[in-house]
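Here the chain labels run A, B, C and D in written order, and each chain numbers its own residues starting at 1.
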Amino acid sequence: MSVRLPRYRTGTAVSGDESVEFRPFERHDGPVPTKAVATLGTQQSVTAGTYDARGRLFSPDVTCSGYTRVVFSMYKEGNTSDIDRRRFIKSTAAIGAAGLFAGCVGSDPDEPGDGSGTFRIATSDEVETFDPRMNQMAWYSTAAHYLFDSLLMMEPDGSGTVPHLADGELEEVDETTFVADIRDDVSFHNGDQLTAEDVAYSLNWVRNPDNDSPNLSNVEFLDEAEATGEFEVTLHLEYQSALMERTLAGMNAAIVPMDAAEEMGQEEFAQNPIGSGPFELANHDPSATVELTANDDYFLGEPALDGLEYRIIPETEVGYVELATGDIHQSGVTEALLDEAQNDDNIDVYQLDNFDFQGFLLNCLDGPFEDRRAREALQYLVDYDELLIGAVGDLGSRNWGHMPQGVIDAWDFPADEWEEQYYPEQDHDRAVELFEEAGLGTDFDVEITSQSGEATTGRATVLQNEFEEVGINATVSEISDGEWLDGLDNGDFDITTYGWGGNDDPDGYYYHMFRDIENDDGGMSDDVVGHSSIGYLYEGARERGDEEALEDLERLDEIVRAARQTTDREERYEYYVEAADLLMPLYPVLGVYSAESATGVHTNVQDYEPSPFGEQEAFNQWQEARIDD
Amino acid sequence: MGLLRYALRRFVQIIPVLFGIVTLMFVMMHALPGDPVRLYLGTEPGQELADDLIESYGFDRPLHEQYFDYLVRLGQGDLGQSFVYNRPVSDLIWERMEPTLVVMGLSYLVALPMAIGLGIYGAARHNEAGDHASRFAGLAGISTPNFWLALMLIYVVTYHLELLPASGYTSPFIDPIESLTLLIMPVITLATAQTALLMRMTRSSMIEELRADYIETARAYGIPERKVLIRHSFRNALLPLVTIVGLQVSTLLGGSVIVEEIFAIPGLGRLFFDSLIDQDYSVAVGVTLFFSTLFLIGVVLTDIAYAYIDPRIKYD
Amino acid sequence: MSLLEVEDLQTYFFTSDGIVRAVDGVSFEVETGESLGLVGESGAGKSVAVKSLMGLIREPGRIVNGSIRYDGQELTDLSEQELRRDIRGNEISIIFQDAMSALNPVFTVGEQIEEVIVENTDRSPTEARERAIELLDDVGIPDPSQRIDEYPHQYSGGMQQRAMIAMALACDPQLIIADEPTTALDVTIQAGILELFDEIQEKYETSMVYVTHDLGVVREVCDRVAVMYLGRVVESAPYEELYQNPKHPYTQSLINSVVTPDETLDELDPIGGTMPSAVSPPSGCRFRTRCSVEFGECSQLTPPLYDVGDDETHTAACLRYDEGVEREEPALHESTTSEPAVVEEQTDD
Amino acid sequence: MSGEENRVGDAELSANGRVLGTLAKLRHSPTSVAGLLIVGVLVAMAIFSAIDSFLFNRAIITWLHADPHAMDQSMRYSEPSRAHPFGTDRYGRDVFARIIYGSRTALTIGILAVGISFVGGVIIGAISAYFGGYVDDGLMRTVEVLYAIPGLVLAMIFMAIFGPSIYNLFIAYGIVGIPAYARVMRSEVLSLRDRQYVEAAKLAGLPRRTILFREIVPNGLAPVVVQATLSMGTVIIGAAALSFLGFGVQPPTPDWGRMLADGRTALLVAWWVALFPGIMIFLTVMGFNMLGDGLRDVMDPKTTVEDVGYEDFDVDSILEDDGHGELSPDEGDRQQTATDGGFEQHDAASPTPERGDRS
């Protein structure tokens, strides 16, 4: 059993005679508790009481405004390999107040489905393409799992992958060659049997630059997939990748039927997708609904649900209203509605980690923050907790070392040390002192550019307020994504909001944000798209001829690249700790928090637990959702 | 015959205006900051991929070439290809046209009779309590921001009273009952301001008409007051009203952006909004062009109706 | 008994600028078959007076006092409903000054006449149409069965007025009120219309109240004349009597002020000053501010109509004719003109 | 020569006189008075916040009530209370103080946007009508192009191009509004350009520019002014709609539209954040519309809304006075009446006829 509590919250989990105390960000392994007692505290409210294993409060000690109920989530023991146990936790960080994962939630998938009905889910964006090979929209990546299968599948807790279309674990021939056996009992929605040819075709299609897939960069490690038997695929890798399994479990490696896809062509396939998943596309009303019906011939059995219906509702609060009135079964919950949702007896609220990194990017090349001391001054200027609350309230947690807390937890990075060293207490006097050292004083203008959105303008507004308090004239400009990217490309910003989504691997943050793009294969010319190396840290140092910094930066670039092509975890750990220590004193970013998203599920949905990895939660080997009206 | 030729001539006259709109939109869309390719590919695209895309969409060619190319294709009825959806813009517009037109049509259907009824009532009871009340209601109607009204409706009607669903769209041609429940709130949102505006218009032109000499004639010849109001005054008061109804197409289409966004209606307003955010040039231009064409057609129909109602208009 | 007897009619308009006493104590009578001319400058209240007869005064106007007896019936006691059903159109009909605007532009001439007939009589629409064609023919519209389906704007000004007259005749009214029917027309067309009035009166034997500011027109059509000034009748007499022997200073001035062919401009004697506002009319005699013979009491006493003729048909509202009032005898102008003509102002209302 | 100049002067004089007369007439319309009152309060609020903001750095409002910029995140979304009569927003800022400061933004946007439309529309409309021909065709086709695109759509595109800021907001709405003014002005100038005093000015040899902008335009302004007052409301709502869609005023500037847009996510739990700005927008727009209605009524001779009802006068006393005029019912002692002179033909006390001639 794993238990972890977010910040400010303490609790006791009870299992038989044994009881376990837990403190913030602490994890305990042990049997599934029969009940848990949690003392919950946030800035605003405190509720203490005794909770059952499903998270229902049956004896509140104190009830104040705010939380009266805590959702405990449980995942089944067993499928978790010991090696990955450590990574288990990062998902639970997000779920509910005290996340207890146990498998008792999911019903046996072999049990014949007695629940039925259509599961209606609100989502805010239109599907631009149903072709997973071309898709890059987050929500459809989740939904695509219902239509398509992949060789592997993430476990609901994110602890690792299990074979899905693959018949057993991948067989490692050498460092860059893997062989996968494919199940022979899988057929596509059009009746064709799924074979190794389809698998090889699908993987190679995304890899082929001619197809212009936006997901190409995610499968660059792959050289070629080769069908070496009717039900056997051999993967030849360009280089060893720590991310291979994750990628093969994701929708960048979704398996499509070769014949049908070739015959239809990409454009038509994007409208009439054919997969092998537990549901198939029945209808798509543009910008309105996406309807999926159960696939009776699914290789894991027939789903209990008749179908899934995604309702595209642009305004999250409207989606929530529909959830609250029972018109739909699942919807996002905005930060402001979190308390409301948690107080609603008909709604279970789940907080899921977004695995992202949110904060501000500082322009290290030009403008007031080209001087390292000015950037350091910012660390004294702000109160990180205020920024976090201003951005997302309770829907997020602080992060350190420029990666999400989930990653830090999974890897056991020395976040405490980083916090102590590089995240000082707010001290306006010291901030002003540093601004003066940097030759700025307080008589300068700062333009904070912000992407549109509550979380981005929220944090920008709080930051603006901090500047105002020390007498620095700061303005906020909310800009479109296009303008924002322009600003990044041209270095035309002082401070801008920045967020980077990744997965639970540090590579997703350090390689993508902190490498020196100049050293990429072939490099990138200065004036072209894609030039968004973080805050022009390298360019700034080069322009000022700051030898000391350059030396550090060269090393930084070297190790984030090396860490990527190493599979040894210990080695990678060392690389990233060193990278963080090189990076942090340069203060290229103001890293504030990792966001969580809250989703509300109507209580008439049974045996359903959303997971941040979003893989067929409504029907997979762990759980099978039903609607009890 | 004359009317037909008149109509034809009016329709031909909108072509230069449309041409102007196309040009304006083309310039404006290219003046938008940001690069659609960049936006499509995210913060870190491969250069090769980006170049490919830029080339395949012709974004690397000089602007005037792109413009002429666009005009030529437009002449062939081709609105271009959506960058985001990788589909023809005309398909996207076609798919999303119905909800917008249905909501707009219903808004007129609700607004017009109410506005006319209340307007005539107000004019007939000029300066009496009933008139003051309807005048105040009219003022309140045009003073209420529609998005605020929409939110309040959702808050009260859906969330607290649980009477109507707050989002979605079903075609009235498929399921009229469900469609109606879904359309009530969006239509109220759009129709409130319309009703108020048209009512004010009806009222003031009725008041003006009721002062006309021929109304005095009708009264002096013993025509019953109801007939004076409905037949004699209203037919004339209809003229300015018809003009406004035509011009209001524009306001309703603008309002559709907001209403469709809030009530999750899959129409053109939302398509426009999304395309603007995604910088999907050709879609944004296409929808704007469609809106403008609709508006211009509305104006021409207005003119024709005007000519039909008012025998004094000579259509030559 | 007279067909129409108006007594002390007061019609006021209540506006933010004050009360406009447009008609303030007007009395006159119209005998059956008689044609009365109501003459005065613009703003004298002529139009308001005749509209009051038919109850056509609208907010903010109102008949505040007086009696209108038509055929023995007190019209001021009738409800709007009764007026509409029993009086308007079928008993009394009215012809307005500007036929162009008095005819509804969106209906054909025929539709408008037919509607009047259908509303006021028992005739069917088909009969009404026949009757309308007949009427149009009567008033001299050429090719009436064709032109009946034309819109007013397709008619010339004179024809519009003829159509208006046809409408007035549609239900055989006893009394026709003509409110400056020729003012807006060319002199040549005017002559035709006036001729038409004569013909009609002969043919249909209706009584008529003819409102005008043009003394020349009056002579063409009227038996008797009532002169109005600032909301009051100041003099009333048969046309010839009035013309030959005007008693009221205002009437005298009116007659003197008109241009005649055999007069030079120097001899012309226009009325000095302008008519005071009906909001704050002068006290006493209303004409005194422009009167050449004003004396003391004029500002204090309101003159009623005094009998000034031999046979009780000539009355004038001037204190000079009150035996009880002390005054210096004013030197009256002897009227020398032979041809009456147009009073200087052209428009009314 | 001097005669012509006099005429010219007269034209201007009459325009001025008309404005004053119009304002004086407004007092007869209760709606206009109420509108004027609302707008007056709004202007007072805006002036107060402008002075407080620029000269005192928000010291006055902080001393009086609360700093509209001060955050206190421990007080997020507090319900209306004595300390915060309109509650607080997501940063714990006082909504009431922000509402007061928001008046400045609303008025600025309204006045500047309408100002741009007004000036642009008047110039284009006037030139177009006065010069006619190709100039007219060219200008009016351009205006039609702008007119054919729905205002909100056009404004959104402008904001997307130039970036959201309060300046771009009023420029966008200013441009969007030009066509309407241009059309009104054009038709006014068309009807005025053949007037005698214009002919006189031409004979006097005044330059065309002078004739157009000193002789014709001032006399055609009345309907444009009405249009401006009425469209003030439209612009304020439109600006709020842009804010709602994310193209609006930038934080932390207090702006009602922005407050409403930000408050919508919390509507279900913190109604006050969206309700009060919504009411303020409503009241403001209402105020301008009422004023505009009043202006239109008094400027347009065809409608006489200032008619005072019969009931407002003491009719009996008027009749007793034998109909001699007073300016208003309470000035009854001004004139000597003739009732005592005994010249009445009729009894003045005869009943007032009740006629149902109001429909």
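In this text, a residue touches a chain if its C-beta (ideal position, glycine included) is under 8 Å from a C-beta of that chain, and two chains touch if they have at least 3 such contacts.
As the structure is a computational prediction, the values presented were derived from the model and not from experiment.
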- Message: I want to compare two interfaces, A-B and A-D. Which one has more contacting C-beta pairs?
- Response: A-B
- Query: Can you name the chain whose C-alpha mean lies closest to the mean of all the C-alpha atoms?
  - Reply: B
- Cα centre of chain A to Cα centre of chain B, whole Å, reads 41
- Measure off the straight-line distance from the CA centroid of chain B to the CA centroid of chain C, and report it in whole Å. 53
- Query: Taking each chain's centre as the mean position of its Cα atoms, how many Å separate chain C from chain D?
  - Reply: 45
- Listing for chain C: what residues touch at least two other chains? 56, 59, 80
- Query: Which chain B residues reach two or more other chains?
  - Reply: 32-33, 127, 155, 159, 225, 261
- Task: Mind pulling the residue numbers of chain A that touch at least two other chains?
- Result: 315, 321, 324, 479-480, 483
- Message: Applying the document's contact rule, which stretches of chain D touch chain B when the two form their complex?
- Response: 31, 141-142, 144-153, 156-158, 160-161, 163, 233, 237, 240-241, 244-245, 260, 264, 267-268, 271, 274, 278, 281-283, 285-286, 289-290, 293, 302-303, 305, 307, 309, 359
- Item | Complex interface listing, chain C residues touching chain B | 51, 54, 56, 59, 80, 84-85, 87-90, 93-94, 96, 98, 101-108, 115-116, 119-120, 151, 153, 164, 167, 170
- Per the touch rule, the chain B residues reaching chain D in their complex are 16-18, 20-21, 24-25, 28-29, 31-33, 124, 127, 135, 139-140, 142-148, 151-152, 155, 159, 204, 207-208, 210-211, 225, 228-229, 250-251, 253-255, 257-258, 261, 272-273, 276, 284, 288, 291-292, 295-296
- Item | Footprint of chain D on chain A - complex, ascending | 43-44, 315-317, 320-321, 324, 334-337, 339-340, 386, 389-390, 393, 452, 454, 457-458, 460-462, 464-465, 468, 475-480, 483
- Partner chain A, residues of chain B touching it in the complex: 32-50, 52-53, 56, 84-87, 92, 95-96, 99, 154-155, 158-159, 162, 165-169, 261-267, 270-271, 274, 277, 279
